[in-house]
Amino acid sequence: MITGMGGHMTLFLIVTLNGLTLAALYFLAASGFSLIFGLMRTVNMAHGALLLLGGYVGYSVVDTTGSWALGVLSGGLAAAFAGAIVQAGVLGWMQGDELRQTLASIAISIIMADLMLWYWGGLTYQVELPEALSGGQRLPVLGVGYANIRLALMVFALVTGLALWFLIQRTRLGAVIRAGVDDQDMLRALGFPINRIFILVFALGGLLAGMAGVIAASALSIAPGTDLQFLLSSLVVVIVGGMGSVGGAALGALLVGLAEQYGLAYAPTYGAVFTFAIMVVVLAVRPQGLLGRAEK
Amino acid sequence: MATDALLRIDGLDLHYGSSHVLHGVNLQIGDRPLGILGRNGMGKTSLCRTIMGLHPNSAGRILFEGSDISGLPPERRAQAGLGYVPQGRRIFRSLSVEEHLRIVARKGGNWSIDRVYETFPRLKERRRNLGDRLSGGEQQMLAIGRALLLNPRLLVLDEPTEGLAPAIVSDVVDLIGKITTEGIAVLLIEQNLHAALAAVDDVAIMVGGEVVETMTADALDNDQAMQKRHLGLEPGQAGKGE
Amino acid sequence: MNTFKTAVSAIALFAVAGTASAADIKVGVISILEGAFAALGQDGIRGAELAVQEVGGKVDGSSIEVITMSSDASPDSAVNAARKLIEQDGVDLIVGPLSGSEGLALRDLSKSYPGVTFINGSSAAQDTTLRDSSENFFRFGGDGAQWMVGVGNYAYDELGYKSVAVIAEDYSFPYTQVLGFMAEFCSAGGKVPEKFWTPIGNKDYSSVVYSIPQDVDAIFVALGGADAVNFLTQYNQAGGDKPIIGGSITIDQSILDSKGPFKELLIGAPAGTPTVSDYDGEEWAAFAASYTDAFPDGFSAPSIFAHHYYMAAKAAMLALDEVDADLSNDQAAFRDALTDLTFVTPTGGMMRLDENRNGIVDNFVTEVFEREDGSLGNRVVKVIRDVDQLLGQDKETFLAAGPVSRDNPSCP
Amino acid sequence: MRPAGYLLFLALLPLVLNDFWLTLVATRALILGIIALSLTFLATYLGVVSFAQATLAGVAGYTIAYFGPNTVGVGFELPFLVSIPLALILSTITGGAIGLIARQSRGIYAIMITLAIGVAFFYFTRQNYALFNGWTGFSGIRAPEIAGVSLRDPAALYLLSLGTAALAMVLVAGFVRSPMGLSVQAVRDAPGRLLALGIPVTTPIVTAFAFSGFLAGSGGILNIWYQERISSFSVGLGPIIDILIVSVIGGLRHPSGAFVGAVVFVLLDTFAVDLIDRERFNTLIGAVLLLIVIVAPNGLQQLAKDGFGRLRQSNSNATE
Amino acid sequence: MPVRNTHNAANALEVRGIGKRFGGFWAVRDIDLTVRPGERRAILGPNGAGKTSLFNVLTGDTGASAGTIAMFGEDITRVPIQKRIKRGMRRTYQHANLFDSLTVRETLFLAVAGQRGGWAQLLPLKTSDPRRIEAERLAEIAGVKDFVDREVSDLSHGQRRQLEVGIALAENPKVLLLDEPAAGLSPAERPKLSALLMSLPKNVTVVLIEHDMDIALQTSESVSVLHNGRLLAEGSPDDIMQNDDVHKVYIGGSHGH
């Protein structure tokens, strides 16, 4: 699609832009995962399933009501509700036993994936975009067409990032969550029911995952297997960036998004290998991730 | 000592890993502030943590206002009226002073954020600072202020004078006196004998995970032999009592 | 000793798995019922069941039981499914599998079970029958290259495309599809300057979209399922306007039935396929009617998978009928019957096998059109009958070109 | 001697089981058990849960495929006497290399880095044709004939797997009582303290991973003879999770749990489709896994103790 | 830089002007200590006096911010912990951080193998292995011989402390640094530990950090008292017990009195 002189440069810029927009989507998907890990040290392997659930519910709601915003909201709420059930019903009972939680969440994701396949079938779903986001426009300078939804992705990521930052840094709940990250015992000794806070944070993580699912279903598509793809990408993103750090998730998403797009454009054969190679290298050199705090 | 104790500990045992830390501890705390004294490693901090529910006791009971709280999680104990100022203060490193107070502050009750600031003007000056940017004394004030905002019935203070400059030690002692007059019971763990004697009316001495002596502060103040045997430098028959 | 073994195993089986059935002839059907291909795999099962239903579940007084088994698109799972069907359920025939690598795996496995007959489902790897073929493995259908026959010529001659870029998933089935297209297109004089092989399951094609050379006349897209949806959507959103040429599963009915705005892009796109959901041949109309009758909750018309599983199962029923359901002597008579079988397929052609037991089939060049109700369908532009696996070439030359790969064939 | 009794009993199974039970249940469980043993060994004695064991088994399997008879025309044939040791050496070296990369990671971080390695290897095998033949992988692999006995014979493969499993248990029991084995356990219990004794921690970690690579490799070789094929699917997320499930069911605190877990898993995997609607058996598998994680966090270890546990015990006594 | 060797080889430990700073805070400062070969020295001080910081600088667990340390005349200030071990310095740990799943014998074997080598051996150990025999000898000295095949996790707290000492004695240390060996012991366990400390080979120099006065004064020939990071007093146990300054810092500040 790129013609004329300077095609290589233009391609490079457009691929970079693609990397940024993909990074935005990865950040949306990974932020909830990172939040949950940060407070509870829980590696929620059912995160991808929550995301897919949100996507499906969002699709169904948009399909019936025609309102995209309502779809995003209900996808988020459905996943938040499911997340709260997962934490309250299963993972909460194993708090502190990280391995057991990891395994239990794998089991939950297997069950969820199968039940979603049963209900929604194996079709590929795309959520219909509202007028303003559908279609594309000619980019200034680069002079190529570009999808509106991808540009919007960056806005969503920015808004989500800011909202998360505000929630965590500027609200009472955020202060409680930060206190819980610092010292759970002390927080409990001050009268905070940590289990309920965990459920709340899990629901919040689910909300983020669910909304990301609807957005992913709008920008790309969802189908059985999407859960694993986003689980893996979220894992890589937060591991590279540093578990539990929202800033780290942003940095990780940026690295992974760019690596994936450069890989796809310039070395499609080994694109996916790059992503995981980055993760291996980062972990081998800095086991806690780029912005992660070292374990005590 | 009151017979209707606010906090009553019966035969409390604690095992921690391979070590048997508390051996049948019995204590009663009423309205008069109680100090627990003893050398390092005698189980004082473990006792505090067990009272707060941060360690599960292996035997015995903890009665607070007449009901057994030994099965409750820490948050329920705090809600029931136990305030805790832990050893090492355990300030949240990523919360500002203001946030520390804001997350625990409730409407009503005797203590408000403003009153904490009145009591500790220094904290007001540093309200925007993060927890890990405070000096030891400031952290201690914050830890106490944070516990007071829960409007507790009983305040458990674990070595609040540890590592503080003498002037601040005396502030803390004065504050404990003030707290007592407001009807808040105090359980004070101390290594600093003089600070403890100045702050409390009764003392219990712990040796090797047991309470070996209970007496009034004045009695201990006048008993040099006792001080030396359990707290000072005299080589004594540890754990054997009189 | 063998009776004893069977007795012990039967007891163990009973303990674990409940009762075994008492049908005379058991047909194991292997399809993908989990993961991304589940909806397609389900349609394959429908096809096989339809063929059995048509004979009323009985051939010459022998009752037929269909036992389905899921694989997950991996060869290992297909092999495990087949082994279980054979050794535990005691099936006499296996119909399936769905995908290319699974087909190669079952072809290999069939050599270890000379007493069981394997009839390929929709798996379309070339080598399943072309190289290293197996005596008891039959394919009443074509391979991925056969499924593209007619498209290369149509694109070059009728549509006037001289240069086409290829976007395809990076594994054996798309390689075979690309061969089928390029064999004709290149020999007609067309050029394929660039091929983009993307990993299967890739989500974001945006950078590939922008790497497509501007000076090609069209894009040949051999992607399946979610991958096709993703690519087409993103190409559409980026303002891409090159005509699309579709692979066989890129523009299958199951894709046309998927939801999303990308479908606009497909209207008018030609594709090669052995299955056309809107084909107006009378045999097809009858077939589609009995499909929708039997499975009201199925697709709006039989998919490529239903069609192929149906032909496989139908061949089995016909051959069974021929030998009066006699499977003795290691199914020798039955296999002879299969080998010599000819029958009219739902597409109206005459199905028969070549020397490697691979089908000589009908193929269609189609284009996508919009129905009155707004849904999309494929309509036939051209029917090519009697397509064989060598694509009409001489056997030696064809084999000498070597197995398909990322770089074979090539005409930049 | 009890272990000998068990072994004799297991060795006689080919007389009473038909090929389905012998191969698809017993042999498969043994092979899966050996690979899972490489994980439970690491988890039990080094305290690290690795998600890269399918990778290690895959390295050995691919080596056998590449240097053995296959039907895809990739690689070149070597005698089995060469290719088998080569496969074990490569999987051992790969294990050591993974240990070197993951040496600083503990707990969930170790899970993550090994998962990353596993997934990277999966994508690599899927994309690389020269060594791994990409998506399609290798098929038509044949187990060798040894002294006129074809290992493709169900009973022969079963007995070989049984022997390998028993040998693997003996090796593990011996390893953990060797000085290096003690160092490995010391790393798990208190790495800093081991350093203070003048013993580096990296060497025991790398050795433990290498040893687990050896175990996984021997399972991987049997597995490729059992499957007669290998492809990227064999090293993908599915097998990675399967091995983990096997180990968890059996219990990660005792190596013999691997075999208990393998038997349960294989029965479940094989017969879940009969117990429940054929399309919903993944739900059943997930539910059983969840149930085991909830009610038996240490796995079916009790069972394992009654069975293979004694085997290990008496072996370690014998070697002491 | 030229190596200044002004240290007296006749002293087991010679500490000159040692300081340890954390940020702007000096945990210990200007500490001078001289320990003769074979001497038993106790270092006392209330909580926060700087005992642990001094100890960590001596063992090499943390670097010194100022000053020098010499062992038998050799400057070891910049010598890493591993090399100090090789030169004959051993330490015990306050928080008994042991290999819980190994037996006492195996633990002591590793302690020996850490010095002599052979920890990387892949073959099981022979009963006649000299390192195994040495481990048994250590078990005897440390008084843990009776349960040499028990797992460390099954030991009582006191037995673990004894094992700690046994580990530190592996391969004839010259200087033994004991970090609060009596911390957390029950009254019944204390005498046993004192007895063990008193029975240590006479050629080993022992520096003991202890909070428990009973044990420190009972087992040492000389005592150094730290307060607020500085050396407050030094002398025989009797001298120290008579020292008023020491009493004051131990019982606490003079608030209100």
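Letters A, B, C, D and E mark the chains as written, and numbering starts fresh at 1 in each.
Definition applied: a residue touches a chain if its C-beta (ideal position, glycine included) is under 8 Å from a C-beta of that chain, and two chains touch if they have at least 3 such contacts.
Because the structure is predicted, anything quoted here is derived from the model rather than measured.
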Common contacts of chain A and chain E, by label, are B, D
For chain C and chain E, the contact-path distance works out to 2
Please give the intersection of the contact partners of chain B with those of chain D. A, E
Measuring between Cα centroids, what's the chain most distant from chain E? C
Compute the centre of every chain as the mean of its C-alpha atoms, then state which one is farthest from the centre of chain D. B
Given the two chain pairs A-D and D-E, which is bridged by the higher number of C-beta pairs in contact? A-D
Note: chain C sits from chain A at a C-alpha centroid distance in Å of 36
Chain-centre distance (mean CA atoms) for chain B and chain E, in whole Å, is 32
Whole-Å distance, C-alpha centre of chain A to that of chain B, is 45
Could you tell me which residues belong to chain D and also touch two or more other chains? 123, 127, 279, 282
Quick one: which residues in chain C touch 2 or more of the other chains? 34, 42, 170, 199
Set of all touching chain pairs, with the criterion as stated earlier: A-B, A-C, A-D, B-E, C-D, D-E
Can you name the residues of chain C that touch chain A in the complex? 34-42, 170, 196-199, 201-212, 214-215, 225-226, 229-230, 233-234, 237-240, 254-255, 257-262
In the complex, chain E touches chain B at residues 46-48, 96, 153, 155-157, 160, 180, 182-184, 186-187, 190, 211-214, 217-218, 240-241, 246-247, 250-257
Which residues of chain D touch chain A in the complex? 49, 101-102, 104-109, 111-113, 115-117, 119-120, 123-124, 127, 237, 241, 244-245, 248, 252, 279-280, 282-283, 285-287, 289-290, 293-294, 297
So in the complex, the part of chain A that touches chain C is made up of which residues? 1-3, 11, 14-15, 18-19, 21-22, 59, 63, 114, 117, 121-126, 128-129, 134-136, 138, 144-150, 220-226, 229, 260-262, 264-265, 268-269, 271-272
As the complex stands, chain D meets chain E at residues 174-175, 177-180, 182-183, 185-186, 188-190, 192-199, 203-204, 207, 319-320
